[in-house]
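Chain naming follows the written order as A, B, C, D and E, and within any one chain the residues start at number 1.
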Amino acid sequence: MAGDIPMENFLVLSAILFGIGFYGVLARRSAILILVSVELMLAAVTINMVAFAAYLDPERFTGLIFAIFVITVAAAEVGRALGIVLRLFRDRQTAMVDEASDLKW
Amino acid sequence: MGMEQVWLLPAIPAVLFALMGLFNRLVPRRGDFIVILGMAAVVVLSFLVLLDFQGSFKDGHFAPGDSNFYSFSWVEIDTGVVDDLLLIEFSTFVDGITVLMLAVVSIVTLMVMVYSVGYMHGEVRYGWYFAVLSGFGAAMLMLVVSGNLLLLYLSWEAVGLASYLLIGFYWERQTAAEAAKKAFITTRIGDVGLLIGIILLWRGAGSFDIQEIIHFAEGGGYGETYLTVAMLMLFAGAAGKSAQFPFHVWLPDAMEGPTPVSALIHAATMVVAGVYLVARMMPVFDVALVARDVVLYIGLTTAALGATLGLVTSDIKRVLAYSTVSQLGFMFVALGVGSVTAAMFHLFTHAFFKSLLFLGSGSVIHATEEQVVETLGGLRRKMPATTTLFVIGSLALAGIVPLAGFWSKDEILLVLQDGAGFGPFVILAATAALTAIYTTRLVLLTFFGEPKDQAAYDHAHESPAVMILPMALLALLAVIAGFVALDPVGKALGFTGGIGEVVFTQGHEGHAFKLDPTIAIGATLSALAGIVIGFIYWSGAAERAVRARQWSPEFHDLLVNRYYIDHLYQFVIDKVVLGLATVVAYFDRWVVNETGVDGSAQGISFAGYRLKFFQTGRIPNYALAMAIGVVVLALVAIGRT
Amino acid sequence: MTDNEGYLLLSLPLIPLGAAVLLMFVPSGERTLIRIVTGAASVAMFVISVYVFFAFDYRGEQFQGVLAWPWFENVGFLGENGVQLKVGVDGIAAPMVLLTGIVILTGTWVSWKQEHRSKDFFILLFVLVAGVYGTFVALDLFFWFLLYETAVLPMYLLIAVWGSGRREYGAMKLMMMLVAASILIFTAIFGIFTEAGLGTFDLPALFDATYDPTFQKIMFPLIVLGCGTLGGIFPLHPWSPDGHAAAPTAVSMLHAGVLMKLGAFGIIRLGFQMMPEGGEFWAPALLTLGIVGALYGAIGALRQTDFKLMTGFSSVSHMGYVFLGLGTLNLIGMSGAVLQMFAHGVMTALFFLLIGALYDQSHDREITHYSGLAKQMPIWAVFFVIAGLASFGLPGLSGFIAEVHIFIGAFRAYPIVGGLAVLTAAITATYLLRMFARTFFGEADPRWSGIGEITWAERAGATVLSISIFALGLWPAPWIDRIAMGLEMGIPEVLS
Amino acid sequence: MIERLPLPAPLAALLRRAFFPEGSFRLPLPAQLDRVIIYGGLVAGAVVTPILLVLIVLLVLNVLTAPELVFWLASAVIIGGALGSVLLKNIVHAALSLVMTLLGVAAIFLLLGSEFLALVQVLVYGGGVTVLLLFGLMLTNATDDPIVSDGAQKPFAFLVGIALAGILSVALVDQIWGAPTASTVAFRELGARLYRDFGLPFEIASLVLVIALIGAIAIARRDRPEDTEDTAMGDGA
Amino acid sequence: MSELNFEYGLLLPEFILVGAAAAVLMLDAFREDLRISRNLLPAITVLGALIAGVASLLFLDRDPTDFAQLIAVDDYTTFFRILFIATLIAIVLGSYEFVNRNITHQGEFYALLLASTIGAIYMAAARELLTAYISIELLSFSLYVGVSLAKTDTRSGEAGLKYVLLGGVASAMLLYGLSIIYGTTGATTYDGIAAALEDGVVGTPAFLLGLAFLVGGLGFKASAVPFHMWTPDAYEGAPLPITAYISATSKAATFALMLALFGIALDAAKADWQWMLASLAVATMVVGNLIAIQQSNIKRLLAYSSIGQVGFMLMAITTVSDASGSALLLHLAGYLITNLAVFIAVIAFYNRTGSEEIEDFRGLAETQPYLALVITTALFSLSGMPLLAGFVTKFVLFQAAAEEGFLWLATVAVIMSTVSLYYYLKVIRQMYVAEPADGDSRWRLSPIAYLTTGVLFLGIFLVGLWATPIFEAADGASAMLFG
């Protein structure tokens, strides 16, 4: 289907997405938005995986399997992370990450 | 009992020392009679050795080394490198000086021991006193018979230890303890020089044996300056022990010890060890003439210094101490011009009359419990025997004709005149006169004139026979000792060429003893003049002496303060040595300790303290750290290719 | 000494360890039982040490009583007999074993009167002794270093819990400096093992391996500074005075008496025997450090007013002599150094024993506070004088023999240094005699009227130590033959 | 809400009337949700339509082929959504823009020839994760003050983001891949490969999901009274 | 496709563990109705673990077989299976009192532990990137949950949050690295990658970037320095057994995986990643040990000390070879035993006093001498003192590093282990030298606590004095990797 699109496009796209995701993690204060950014990074990974599988490894397409597992893990990740965020909220009435800094030095 | 068994002489008192030291409480009379018997045996043995020595004295000379008898190796390391063998052995050696010293040491020690029975009666550590005395005797005898320099050094140190124990005998008194300490440290500093000298000599000759060293030196083995430095170091050791000029400070303080000890150690035996050492090594000194001249000049200054200080001291024993320093100066002057015979002869005579004087002063102290001359006076009525014996001794010291002092002092003046020209001769003659003066002063102030302190005078009583007898014997010896030197008497005693022939060392031809009339008369006249001056100044109420003092108070103070030498030493010790020690201690505490060790420890924990605050606790910072980590890794990875 | 006597050698470290384990099961209240166990163990060790010393045949080959049990073999980087528990004694180790035997015997007797948790005290003390014995008899570099560190391990607790004065500071400083020093030894061992490339830690094999000179020049100073710190070498000595001042009697006896010798022993075994060229290159530096240390220690001691600090400084000074002797690179000087290790070991042990005895009664270590002690404690004073005289090299006592060898060796190498060394002996004399004069003689100070004579255990201990001082002093032949043979066989190339 | 859009006044009025007549017709959904969807649709439309127009023009000029058009469109949607979720102040909008990105990614997967993966993406991300996020927002009542200020280290974050994106793209581009061509994957082989060759990871993944499930419940659950009294009674066994 | 062997029998131990986990969960859910006592849950966990341990012993010394090229079941895996199962048993036994008192969800707790042990085993066994990744996720997931299980303590929530979020970022990085490596080498099995690297893919910028991200991701899991920030907070926040578990199994599993990954797959590209790990190792040692000096909470201190230890282990990975492989395994065994000894002793102390401050260890030698002895021995062993496990293992580890030409690294390691002695001594000082707070009387440990600490205490001495059996096992195991 996408025979003539050069693979580099996809890789650059995933790189940019990864960069944005990392920016999101560093810049955001709310725990949920950090989770969102992590999801972005994982999406970038899946694009990468699928691109490599499709272009370089057509007969064994291990990348695809990898992508599937990444998605499942990402989903599980969000679920459990939200559980912990709720716990944090119940303790401190805020979801802002930099309030949670009792453990230091 | 020949010369081979000469090691027996030191062995007997040593064994007695060990036994008495440990078990004197168990023996009746604390074992004093055992020690005296032992020493008596040593005296007899020394005479036997003398006889045997005469026997083998055939052609008047000794081949080097053949008299090295009994020896066994004590420490032996064969380093495998050719002739680099460290051999410390226990070897003995007998020759003229040794025989003489054996006689002197044993006789005087015996006399002092007999005397001490009376003097030390009732002391708390009576047994220990006799044990250490016997120990001292053993060490001195060992020193005299030792064949190699290291063994000599060993016994040298042992003698120092014995003197430390004896000076500090009344250690309850802080002053006695301080005096003992001062004596031991000063001699110890001298011994540093001695040890360095010995090792330097060993380094060249490859062995400690005295004969081999002499042989090597005469063969020109050592370099010029090397040998001079070595011999100067050796002389420093001798000067330390014999209280010569730079090291004389300890002898006057050493009077804190009991008087018999002073008599034995600080008159006859220990202090002359230095003279014996230089005499023994004279052949090597002949090679290093520069060193010999140093000996001469040091001897001269000490003689003069001792005599002048004798004039102003008020304590009997200190006067005698200064006189000893001065007389030792005389002996070193004789050695300085290379005449072993004159020096040893003076040593021989001096031992007797000086120990007599000390014992005399001892009986005075024993009687009046007083030492300061000002409080005594007029004791001649109360203590006739002591007075007469004391006068004989002082006349001998002053050098009046028939007595021993005259012969030996005259001999030195004669030898000096040939050897070192006019200047030193005049100084020594003046010193001889001075000797006469301070001797008379002492006698007058103590025994004649009116009693100054009635209580002391009443308390005075004649000493018991056990003290008077040894003094009398010594007095006899002080009288006849002089005649030994004359040829007829020498031959009578069986020495073919007279005593002069005997008292010399290998490779050094004998010195025929002769009497030079001019010097003899000159010396006697100066002595008489000294006595007359003494009378003028100090007879009766000694008002003239007082007036003399007003005449030049600052010179008088100079003398009283012993030329401020003691203050100089004290200053040096306080400022330089202890100052340096404070600097080192300070350096150790602040530089090495605080900054070096603790500093680095605090530095590390401070680094930890700084790093700790990177852990802010906030997630974005942690994420940023991770991000930086990865970015840096990536950049460097790319950069490296 | 036949090979199957190697079991005796192995028993040396095992007896104290066994005793320590045995003590663990003894309830801490049972003081008599503790005494029996510790007494028996110390006597056994002493007897074996004496036997080992005299059984050592100084005409036989270099290492005697050699036995080996394989531990790790061709596993990981280790090839044939990689690490093995190998025991054996050579000329230099035999006197050291004797020294340890003497010091631990007296140390145990002295610390019987330790009430505060004495069981744990003895357990740790015996671990320390096991480490020391092990290091002297080990012929395998791995076990050598393991036991070298074991000797340091219990020091912290021993000083921190049972010490006195600034004990925590002293303990921490001592522990940290010694372990920091072992960094250098660690690195050197890794370097040597890799450089030798034999895949084994067997010491005799490593001795025979050839290392290129540049490698040796880099590694030798590491060993000198690493082991030297334990030996109290000049720049790295501050732990010694503070550590000893804070340590309890038996520990400072063992430490100054034996552990500091471990450092010098390490320099000989890992330094000179392993890397002769390195040794030759760095010998002048070692010599300078030695003489500087000697002078520094002596002058430093002049100023000290605390008994133990003064003895600490004097130990630094005497160990300076040892390094000076090692630096002379000739047989006489080096055997003088080993002699000094033995002589000083016994002297300092006696010093600390006596100071400890005094401190236990008066709890005050200020010299200036005492005077006229000889009145109240005559026997104590006599022993103290013996130790003092020995320490400034009076002939007839152990100090003189060692020092004379070192001086002769030093003069053969560098006369000026020899002169300085003899001068240091004089300075040592001054501060000791000054102390004698001030504390023993003079009027008795009423403040200390309560002090009585030292206990029988201390008297026995002091006698044993004095006998060994006199023995070495009067008849040094047995020691010298063994040491000379050990050195000649051990480091033939180095000796000029 | 429409007033703020940059539209000429009449068009805006038209739109308002069209969508919000006074009588404001209601989608058969809860009030809250329909406004969300409407707004979402509006925003997406506003963003996508101009790009679509441009692409169509290029297609017509046959510079682009059909797949490339789809690729550019999808990547535009992805990047737009990503930036939205990262930069928007309003927490709810940011969370929702994530959905846009994920759907874009699904399009990419279609492009790369694996329909199954696109389907999974839409289902799992589009459905599950988004709902979860919304629940999260709702439970941490982020809706009542949705404005969230940015973190302190925004400049650093920006630098890192740029650096990472830059390095990665540069490195990946100049790696010589040999210009491979994409190929679609048969669904049946995918199944076989997944369940036979990678059976073990599959089971481990199942364990991971179980653990996540239990964990989330255990942590988030408010403690039951009898739990707490257990601890009180905790026998000092 | 079909020639891969799917002999599920090879995975028997893991199945047993899963079964145990399921049983524990079920029993916990129906506890009231079945009226079973509290102690049944730990009993089942331990029983399950024992059976699994025995089962894994069956595979000992069998010729190495792989399961669908995903994992290898050989001595290497058996070594780690036994090691992890033993750790699990030790922790469960050591902390079941603590769990009864402080954790409300016992069932979940034990299930988590079992699940993470399975994850750890598969990490060690993995010979393929995907399996490795998914097992890392399994281990991390169960630990994320475990950290925030202490419902009563707010610190646990905060620690959980940090660990989860940062864990997510780290695994994203790791995945990105894996994808690039997969892209550049075209294979996901270790052997496949190794083959690809043989014929010259090495050194291209993309591959290097892949390595950088991989090292970053793994660095997080191992808590190497730039990525270590989560460790101290997670250790302090998490309940004590979980902290023990993280410091023991999760670290060991990560290193098992890294050794296999770097040993087999990336060995050819050694020059590219050796400097990365070396610099990470140095940074980790230095920072870990330095900050530890300042700590006053025992858990935080042990966190930094474990970071320091990670620095030493990273050194072995840097010099990856047969010698350093066996050295690392030996060190891991020694480290696990010592670490568990400390933690279980601290747990026992916490059960009694309820405090984690070093200050409160005052006079422990008086009040509970046995516990003080165990802690002192363990701390001395951690710092590498002789007669104890630490000395032998560290000596062998550093010598292996020096053997491969990294003498300077070994020296840094020795310096840092000396620094570590300083802060261990501060704890020991508190126990032995400081007087007990007034009113503290002597107290006794529970029999189980005595048993576990006693076994571990003897274990430390055993490894210290007669480490040959373990060293031979480690050497055999690492021989599997390096052929």
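As a convention for this text, contacts are C-beta pairs under 8 Å (C-beta built on N, C-alpha and C of every residue); 3 or more make two chains touch, one makes a residue touch a chain.
Quantities reported herein were computed from a predicted structural model and do not represent experimental measurements.
Trainee: Chains touching chain A and chain C alike, please list them.
Mentor: B, E
Trainee: Treat touching chains as neighbours: how many steps, at the fewest, connect chain B to chain D?
Mentor: Minimal hop count between chain B and chain D: 1.
Trainee: Identify the chain whose mean C-alpha position lies nearest to the mean of all protein C-alpha atoms shown.
Mentor: Going by the distance between chain centres and the overall C-alpha centre, it is C.
Trainee: Taking mean CA positions as centres, which chain lies farthest from chain D?
Mentor: B
Trainee: Which two chains are joined by the greatest number of C-beta pairs in contact?
Mentor: A-D
Trainee: For chain D and chain E, let me know how many angstrom lie between their CA-based centres, rounded off.
Mentor: 36
Trainee: In whole angstrom, how far does the Cα centroid of chain A sit from the Cα centroid of chain B?
Mentor: So the centroids are 98 Å from each other.
Trainee: Could you put a whole-Å number on the gap between the CA centroids of chain A and chain E?
Mentor: Centre separation, chain A to chain E: 27 Å.
Trainee: Hey, how far is the Cα centre of chain C from the one of chain E, in Å?
Mentor: 42
Trainee: Scan chain C for residues touching two or more other chains and write them down.
Mentor: Answer for chain C, listing residues that touch two or more other chains: 176.
Trainee: Residues of chain B that contact two or more other chains, please.
Mentor: Within chain B, the residues that touch at least two other chains are 601, 612, 615, 617, 619-621, 623-624, 627-628, 630, 634, 638.
Trainee: Scan chain A for residues touching two or more other chains and write them down.
Mentor: Only 11, 18, 21-22, 25-29, 34-35, 51, 56, 62, 65, 69, 73, 76-77, 80, 84-85, 87, 97-98, 100-105 qualify.
Trainee: For this entry, which pairs of chains touch?
Mentor: A-B, A-D, A-E, B-C, B-D, B-E, C-E, D-E
Trainee: State the interface residues of chain D toward chain B in the complex, per the touch definition above.
Mentor: Those residues of chain D that touch chain B are 151-153, 156-157, 160, 163-164, 167, 171.
Trainee: Where on chain B does chain D make contact in their complex?
Mentor: Touch list, chain B to chain D: 620-621, 624, 627-628, 630-631, 634-635, 638.
Trainee: If you look only at chain E, which of its residues touch chain B in the complex?
Mentor: Per the stated touch rule, the residues are 161-162, 165-166, 169-170, 173, 203, 205, 208-209, 211-213, 215-216, 219-220, 225-227, 229-230, 232-233, 272, 275-276, 287, 290-294, 419, 422.
Trainee: Under the definition above, what is the set of chain E residues touching chain C in their complex?
Mentor: It is residues 322-323, 326-327, 330, 376, 380, 385-387, 391-392, 395-396, 398-400, 402-403, 407, 410-411, 414-415, 418, 421-422, 425, 428-429, 432-433, 466-468, 471-472, 474-475, 478 of chain E that touch chain C.
Trainee: Provide the residue numbers of chain C that touch chain B in the complex, in ascending order.
Mentor: 173, 176-177, 235, 237-239, 242, 296, 299-300, 302-304, 330-332, 335, 371-372, 374-375, 389, 392, 394-396, 400-401, 404-405, 407-408, 411-412, 415, 418-419, 422-423, 425-426, 429-430, 433-434, 436-437, 440-443, 475-477, 480, 484, 488, 495-496
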